[in-house]
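As written, the chain order gives the labels A, B, C and D, with residue 1 at the start of each chain.
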C-alpha cells in the first residue's frame, strides 16, 4: 500500500514504544527553545541536538533524517525570499549604501531585511527539526491517544484516529484511479485533465463515503455504535528518560541564550 | 444435534426491488460445518448479516438456542458474544491502526478488565498464527494478513458461532490451506463455523452440510447429494464440483462417504495403476 | 508467432524491500492466450502494470512489436491505444456515474468526434453484453456488472492487447463462464488476451501458455507441463489443478492435448462405463 | 499556502493560535452534538477528514505549467458547512504537519485561521449569497473565492509578521499579495473549474448518499 516515509519511520524507529509524554518533553521543549531563540546560534544548536538525539537515540538512519528535514528546509528557504526582498526604499537617498545590498527594478535587499530573513530561516529550520523529532519517533495513533487524554480533545482525537485508519486505503485508491485514468488518456490535454481531476476528486469522495458506511456496518457486530475506539498501548512514562530529556532541553536553551 | 442458531421464515425486502430473502429457513447445528452457496446476488451476505444481528429481517426470526433474537441493545449485546461475522473485505471491519489495538476493540467494549482483554487478544492472535504481527500497523500488512486480523478480532469475542463471508476470496492456494487449518484450530476450541463461498470444490471437500440459495430460500442437504443435483445447481446458477463431474463422466455413482481428493476419486473409479495402458 | 508485447529483463524495486520483479522476461504472442500465475505478492499485478505502461520498471524494458516503450507523453499515449489493463477491483477504474459516460471516457479523451465515440461505446457495450445497462447509474450495479463496465471501458480504447488482472476473482461460476465467452468474442475481433489468476483450474482449461512467477522471474511453458511440475509449483506456493492430480493419482501420464474437462480426464484414464462395478 | 514551522515570530504564532481556538471549539461543539445523536457520524467525519488529506495530495494541472494542489476549502464548506470544516481542518492540518512536514505546530493556529476558517467562511458566504444564481456559477465563485480568501489571509499573516522596513504593514501586504497573485489567481480559477466538475459529478453520483448532509 501507498506509504508516507515519515509515517514508516515513526513505526520502525527504536523509540516508537516510548511514552508520548517523554518524547514530547524533548521535542516540544526544543521547539520552544527554537522559536524563542534570540540568536541564530541557539537555532543551530537545536538542529544539532535534535539530529544527535534522532540519529543516536532513536536510531533513525542519517539519510532518512536528512531527507525528512530537506522538505521543510526547502520550503523555508523559498519562503524567506519573500522577506529578504523588499520594495526599493522610496528614500534611497537617505539610506547609506551599506544598508542596501542589492536592487533590481522596484525590489531591493537591505541589511535589515536580509537579517530578518536569516533569523526566520534559522528559527524555522530549528523548529522543524524539533517537531520532526516527534513526528519521526511517534506513530500518529499514539499521538492521538495522548491527545485524547487532554480535556476537550477526546472527540477530535477519536475522529483523527478514523482519519488515520482510512487515509492509506484512500491514498491507494486515489493513486489507482489516477493511474487508470492515465491509461485511458485522461491527462492528454489541460481541459481533459481538469475534467479528469474533477472526476477523480468525486470518485475519491464517494469511496471515502462508502468506506465509512461499510465500516459502520462491519463494526456493528463488534461493539455498539458510538463506543470509543480507545488508544493503542505505549510504555509507561519513565523519569529516567524525562529528567535527562529536560536537562538536554534546558542546557540547549541556556547555552543558546547566553552563548 | 443441537440447533445453535437458526433462521425461521426470514424475509428481507428492499423497497422497489425483488425480495432478497423470501421466507428462508436454515439451522446451524453445533459442531457441524455448513457451507452457504449461491450465485452473486443470491443473498448469501444478506443472510449472514441477518444471522449475525447486523441486519434486522423485515419478517421472520433469528433463533439462538431456540430463543428469538431481540434487536434491542441488550439482545444484540448478548448476541455478539454468541455469533460473530467476518466480512469478505477486512477493511470493512478493522477500525484501529495497530493490530493488537484492533483485536482488543471488541473485548474492551464487553466491559472486561484489562488483564482479561489481554488474555483474549493473545489467544485470538495465537489461534490465527499472527502473534508476531501484534504491534504492526495494519496498513503495512498484506491482504491475507489483514484477513487474519479481522478474523482474530471476531475470535477475540469468544463466540460460539463464527460466520465467514467468502473467507477464501482473494487468497492464493497456500492462503486457503492456512485458513482451513485455522478453522480446525477454532473448531477444536468448540467454535461452530459456517461460511459462504463461490468455490464449489471447497464446499465439497470441507462442508458437512450445504445450503444452496435459490429464489430467496435455502435448499439444505448433504454435499454429496446437492452438489450433484444438476437441476438444483442450474436454478442456482452454479456448477457441480469436479469430483462429481468426473464420477458422472465415468458413469459412476457417488459413493458414501463422498470422495474428496484426487486419490479418493480415483479409488471410487476403481482404477488400479496396472489397468492403465 | 509474432511477439506483440514483451518484458525484457524487467526489474521493479521498492527501496527497503526485496525486489518484486528481478530481471523478468516474458513474451506475448499475437492471438495466444497467456495465464500469469503466482502466489499473493509474487508480482503479478506489478508485472501487468509494467506491461500496460502504468509503472516504469527500475531497469529493463517493455517492448511493443519489438520496439522499446518510451515513457514520455507521446510514447505512453501510443502505448495506451495498443495495450489496456483491466484491474481486479472495477471501482479503481470506473470514473463516471453513468455506464455510458464511463465507457465513453477513454474514446472522448482520444479526441474522437461524437459519432465515432458513440460507435466505439456501442461496440464495447455489445461485446460485453451490457447494452441494456448503458444508461444505468454505476453505483446501482452488482459487482459482476461493474466488472463488465470496467472491461468495456478498456475495450472502447480498441487495444490490440488486453491484460486482465484476476478477472474471475469474486465472480460466481456463471459469471466466470460469461467472462470466458466475452474473451472469445474479443479474440474473434483480433484482441490478444493475457490474464493473471489464482485459479489453477482456469489456467489449465483456458491458457495456451502459462507463466509462473517465482522469485521475481517468470517460468514460461505449456500448461500441461508446468502445472504438473510439483517442484515448480511448490516454489511458487501453488498447487496443481485437479485434472493433473487425478491423472497422477491414477498413475497416468498427461496426454497431449491435455484433458480439460471431466469427460477428457475420464477418457485419458481409459475408463469405459462397463468397467465400473 | 501552509506557513512552515517556526516561520512566524513567537508572539504572532501565539496570537493566531489564540484566535483560532474559538473557531475550532465551535466546530468541536457542533461535531459533538452531531455524534451524540448519530454515533456513526464519527466514521463519516473521519472519512471526510481522510478525504481532505488525500485531496490536498492531488496534483492540479496548472495553467502556468507549475503543478499545484487544491485547497478543497470551498468544496468542504459547501458540503459540510464552515464550523465542521474548522474542526476537521485542524485535524487535517495536524496530519499534514506531522506526516508530510507541511506546516507546523507553532503555526497551526495561523494555518487554521487561513485554511480552515477564512477560506471556508468566505466560500460558504459567497455560495449562500449566490443562492439564486445558476448552481455552477455559485460553486465556481464559492470555490475560487475560498481559494483567494485563504491566500489573502496568509498574506496578511505574513505581512503582519514581516512589515516592510520602509512602508510598514501595507507595503509588505501588497508585496505578499502580489507575490502570491502570480500563482494563486490562476490556481483559484482552475480549482473553481474543477470544483464545478467535482460537485456536478457528486450530485449525479452520490445523490442519496449526500442527501443526509443537506446537500
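Everything that follows uses one rule, which is that a residue touches a chain if its C-beta (ideal position, glycine included) is under 8 Å from a C-beta of that chain, and two chains touch if they have at least 3 such contacts.
In UniProt terms the chains read A = Cobalt ECF transporter T component CbiQ; B, C = ABC transporter ATP-binding protein.
Please read all numbers here as calculations on a predicted model, not as lab measurements.
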Result of counting contacting C-beta pairs for A-B and A-D, higher pair: A-D
Centre distance in Å when chain B and chain C are each reduced to the mean of their C-alpha atoms: 29
Rounded Å distance, chain A centre to chain D centre (Cα mean): 18
Centroid distance [mean C-alpha coordinates] between chain B and chain A, Å: 45
Rounded Å distance, chain B centre to chain D centre (Cα mean): 46
Overlap residues in chain D, where contacts from two or more other chains coincide: 201, 205-206
Numbers and ranges of chain A residues touching at least 2 other chains: 140, 161-162, 164-165, 167, 199-200, 203, 206, 211, 215, 219
Of all residues in chain C, the ones touching two or more other chains: 96, 139
Chain-level touch network, classified as line, ring, star, complete or other: other
Pairs of chains satisfying the touch condition: A-B, A-C, A-D, B-C, C-D
Residues on chain C engaged by chain D in the complex (per definition of touch): 96-98, 137-139
Complex contact set, residues of chain A against chain D: 4, 6-7, 28, 31, 34-36, 68, 71-72, 75-76, 79, 82-83, 85-87, 89-91, 110, 112-113, 116, 120, 123-128, 131-132, 134-135, 140, 143, 152, 155-156, 158-167, 170-171, 174, 178, 187, 190, 193-195, 197-206, 208-213, 215-216, 219, 225-226
Of all residues in chain D, those that touch chain A in their complex: 2-7, 9-10, 13, 25, 28, 31-32, 35, 39-40, 42-51, 53-55, 57-58, 60-61, 63, 70, 75, 87-88, 90-92, 94-95, 97-102, 104-106, 158, 162, 164-167, 171-172, 175-176, 179, 190, 193-198, 200-202, 205-206, 209-210
Residues on chain B engaged by chain A in the complex (per definition of touch): 49, 52-54, 73, 76-77, 80, 84-85, 87, 89, 91-98, 100-101, 104-106, 108-109, 135-140, 153-154, 157
Residues of chain A that touch chain B when the two form their complex: 1, 3, 8, 11, 17, 139-141, 161-162, 164-165, 167-169, 211, 214-215, 217-224, 227, 229-233
